[in-house]
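Read from first to last, the chains carry the letters A, B, C, D and E; within each, the first residue is number 1.
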């Protein structure tokens, strides 16, 4: 009776986790014309924030429709359009029309999840990045979101799944105008956005590492069943994150080497830096995965160890007392003709024999290391 | 007696599974002239549906013989010939003759299973794709079929194992005429067909993922033997699917990069998109395989855990009661000279001693964490 | 006493298997001049069958000496010399002299086993292939033999370890003259010979797969020790076959891409087909190896499962009866002052208590899932 | 009560280990302008030692400020500036300004840990190396530090985490002037510094190897729980070191092949030598990692072995004595009508029967190898 | 007491094995000038044997000093200088000076162990090879030695660790003058020397394979603890050999492809042959490593199997006799009011009941396959 709520509670996070491995979460029906947009899953409002900037200044505006966007553009300025929330398909379509995006770009922006990648289209570079953030919820540690970037000659478009603040520091830097951010053009802005995303990985990895080491410590101390569940979940998280980080690394590598389009030589060292952080995260991830596998092994071995210890105790007790019990049973028999029964010293001699036998066995067990600690 | 039908029932799906790993299911005898067609395994009827289309219109016809096919062709129109069922060898041969297929192409179409691949022949590209579909049967989850495509200058041939509806949406789009499908030529049609096949992978993966997580949950809750069988079967399915997906990915990569022949630049982004989906599926598959291996490990560890728990109970009970049984056996002996028998307080004192000893042992076991839950 | 013949019988196949992993089975002494031929291991007779063919006809003759060979050659015809059995070193040397083979070629023909490879020499291509055939002997499933081919401008030499019929279908096709075999030259003949060898792999793989699945089924049903031996042997076979197939694949790849010499463009699609079959076999092999590893795991887990079940029964029985045995032992003591002995209801009350206690324990065990099946 | 200090003591090293896997130990806040330096973690003083050298002589000076540095430079001499301790951000910035370092270089110098790498910047090569040293502390075996090098046309900058003596031999060689160190320019000096770092790896590996073999020996002798902890820690260390060595190898490979900038042909063989040592260390590391995994397996198998031995003893004792105990219990029953009780030879015959039965069982167990050692 | 010598005996080989994994066995102090030679570890005498040969003749002489060497050289003849034993540093230095070796070459010759490699220096190729020989000592199976070769325009230098006869057959062939050895120049001689080294691998591999199969057989028959130690040692040997073979293969590949310098086209097929043998050995090694891992698994599974069998016996015996013992204990109680005691048929009926119960249980256990062999 009371098991039901517990069970269903346990199934909740499982369902949440399942979505992370889903590949057809939000797709148009199979076989439909490419470019067809699936209806928005949940009605998440769309907010469009445009920033127009150049060496001389920076202006921000919330965009409501296509005309407003067209009016806000200036040929001599750089433009950053940040779209938060993908619910308003109409808005996505007029943005797409304004910047002449390929139908597949919009399709990839909308149909989640896509794997991180960098692709070149005539006049623009399209890159999909994955945000990863520590959620703190013990049942579901990591929050994943997709960010899509379109990098054009003089504009950057960014598409986020929902309202979020990962780009807030970049926005502040643009408004403050310090550094090279207003000077170096749209590829530098794209770098800054990718950098903001990748920078979030580092503290996440540290948290996962701490969680892993916490489990490892306790496995050695006392391997409990709850720990096993926890470890399995953490391992699943590492596998899932890896699926994001590795293509992310490749996508950044493609951008960095300029495989997919023109990145100016001044910006390349910065992209190399982001790529480098991503490689570092990928390497740490491999380390964690290895440690996780090793901890699972440690767990199994610890359990085997403990079973061995339990068995030793059982065997020692049984091996000493079962023969003794037989002996006392022997002299509990009711045969009329058992001469020992009449002997005066029979009882104390038997007691003595049993005592000596027991001590001998204890000595043997001690030597085998089955009793007490091994001599080391 | 009654075990037999159960056994044979269990062997049925095994036989079905065996066929999936078979490589010589339908082959001509070894050493025969290349191009020799093996006789059709099962008499599956052959249905030939041709579609003639261009920017201006689209016409469909069922083709019965070579002459009809020749009559249906128009030099200025694109042609799609969809062959369903490979039983009619004569039909396959006149189609092959009409389009001047290389003998090895027809051989690969007929002799199942071939691995997915893309190959160039003079004037045409030959590609083998694998359909994968969720069957729902718990004994045999996935249905695999081969689709062979020949992409010529102005025609596409598709060969399917049996009557099927995977290309129905593409046929509808051709008849409706929306989008670019009538404009972009035969390579776009080939893309559309491949896209329809790969699109089927995504929901399949989600189903497999859900099945896997369902097993994982239950392994932690209660590892039963039935679960082990289920897991082994799912693992086998993942291995089999992987054998299909990886070459499929390569085949699409070859097509996408134009290694094997001329794909127009306009169609390449679309092929890249299909390839990308296939890569995503391949990555998810690796994730699943890792999870499956990890669940098998989890199972073993869970079982070891449970055995440990069972052993602890046995050891605690034995260690407490076996010495007590010895003690009461001791005073069940029938020696005449046992002074304790006459003592008035012997019985209650013995009871008290046994009680104290038992409590002491329980305390010790509790401290070791063998009794009750560990203090955590 | 009677164990000895059994033991030695068991060692026989081990010795046979050992030979498969041997690398120095038939080698000249270390440090000897390259080209030195080791003496023939067993006196296997050498039979030389030459075929002279062209578009117009085909003639076969058994060759006895060098002069006969020289007389049989025609500059305008293609020549195939098939050498069966490597015992007659003199014959090998005059063949080698007639076709001006590099000393290392003859050395590789004679000194078995060589790994499959393709090498170019001035004017000829040398390729080593491995035949694999199902033997049916449960102790030693697979029979391995080496076939060496030398492909010259207008001749093909084939060297086999013993009298064999793998090339019989090719010989028949040459005599019948159907297809392109007489027209396309010596590289097509080399393809036909390689195809005959690789075609033998497919049914072998299917047999191995069936054997593997048969083991898998029985492991889940009832993991016995004999099964373990069988599985270990099959696994060893898979490892050994893999060692042959992978280099075979590379050797065919080298031939196919023309890395090692001139293969005419007309023959290349055929070689690609053989290579493709070999890749397919290699992939299936990986699948089998994974399944074999997985079955070994399954075995271990099944055993752990069974041990767990056995332990549960033991624990349940012990935990119920050991305390009861103590209780009845308690009232078997012979103290004079045990007031319970005189009570009228003592016996039935004790019986009742024991019954209630036992039932309570059974209930507890049932809840824990230790008794009967878990509620699922 | 007394468990707490032990626990916290155990957590101390864990914390130390955690830092080794940290990737965000010392980073500026996410999203800040690239080049922003995070405040120094601990106030480690900065000491700047400059050496000016050429074929004719060598001078050393402690530098306090930018002016002093500028004054110390000579256009015709080579300069080595060794910065020990990264606490003084101002000093780092005027050094950076003097040598016109890219902002990302200084950022990588300061923000620890970076992965080993080699990067080219206009006019300079930046390389990050990792020092590894045996600490001897059983809780935390290896000490890791970062050394950053900037190699310019006529200068080398080295940045170390703290005061250290790894470069002391190089300094002595410069002052002594022997060999080619003063003649071959700044790239040879960079080589000498890298060589000093990589040379420290070799004795470290030997110590790790010795520790590993010490554990392996004891696992076979007597697998204890402490050993398991030790092994897990050593394995973690190997994983962590690997994370450093592999990129270090790549970084040296890049330098050696001149991918990242101009290394003179005279210095390249020396760099190849350092690279070679690093490859050797990486290979030994893989060997150690494999051995560590294998030892973990050995441990599990040893434990299983021991449990098996313990079980055999328990089973032998129980199987012999439990039936005997039943028998003597049988004749301890108090039924009035048990004819055996009156037989004169009942007792000795029963004793004899029990003796014979026991001996028979011992013989059976011996044959099965459960008692005593197997005959081998 | 008597355990000590056994223990120390067991530690001896461990120390020997440790040296095999050592990387800093014989190195100059860290940070010293490159080219500094570490003092010779053990005073192994140095013997220098020079051979001067050409198509017309061959002369051998023991060289004592630099002058003698200079006098022995002839510009028109090829020269082979074989140095056995590296103890005499002075001799090494005048040889090095005479042939103008790079300081790093001599350093690599002297500082053992180096990994096998091929490096080009101006005017010469330097290659390090590893000899591997079966020692037969069960504690330490394989003997490893380094051989360094310098291949110049018209000379070959070989450096061996000690007096040895691996090159004796080559010396004999030079003196006999058969084959191409005197004609083809110094690169052919280098090939002949490398061939002599690699030829030693083949019988070694066969011995290791035989040892491995011997262990495998016995693991299935009867998994003992001694076997585990043996297997662990063999596995360690395989890992160590692999560390030598793989770089050896690469080094030969580099030589074969002429990456590192000029090998004449006539000699290349011979080097390819050596390379091919080395690849074959590397492949066999992988097979052995896989088998070794698989045998370890087999061992664990066998042990689990045996424990399961032991447990079944224990459970069967306990489950049958513990309840019976309870029953007979029940009727051993001394209550005055136990009506059964007076019944005439109580005893035989009880006996009958116990018999029936036992038989029933035996039947149940048989059905479950816990008693006797499974029906199969």
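Operating definition for what follows: a residue touches a chain if its C-beta (ideal position, glycine included) is under 8 Å from a C-beta of that chain, and two chains touch if they have at least 3 such contacts.
This structure is a prediction, so every number in the text was calculated from the model and none was measured.
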Reaching chain D from chain A through chains that touch each other, fewest steps: 1
Neighbouring chains common to chain D and chain E, by label: none
Chain copies touching (chain B, chain C) - same or different residues, decided at half shared: different
Distance from chain D to chain C - Cα centre to Cα centre, in angstrom: 41
For chain A paired with chain B, centre-to-centre distance based on mean C-alpha positions, whole Å: 25
Residues of chain C engaged with two or more neighbouring chains: 300, 304, 307, 311, 314, 318, 322, 325, 329, 332-334, 338
Overall pattern in which the protein chains touch one another (line/ring/star/complete/other): ring
Ring topology as an ordered chain list, initiated at chain D and continued via chain E: D, E, C, B, A
Sites on chain E touched by chain D in the complex: 10-11, 14, 17-18, 21-24, 27, 29-35, 102, 104, 107-108, 114-115, 117, 119, 121, 222-226, 228-229, 232, 235-236, 239-240, 243, 247, 296, 299-300, 303-304, 306-307, 310-311, 313-314, 317-318, 321-322, 324-325, 328-329, 331-334, 338, 340-347, 350
For the chain B and chain A complex, residues of the former touching the latter: 166-170, 173, 178-179, 181, 195-196, 199-200, 202-203, 205-206, 209-210, 213, 216-217, 220, 269-270, 272-273, 276, 279-281, 283-284, 286-288, 290-291, 294, 297-298, 300-302, 304-305, 307-308, 311-312, 314-315, 318-319, 322-323, 325-326, 329-330, 332-338, 369-370, 374, 376
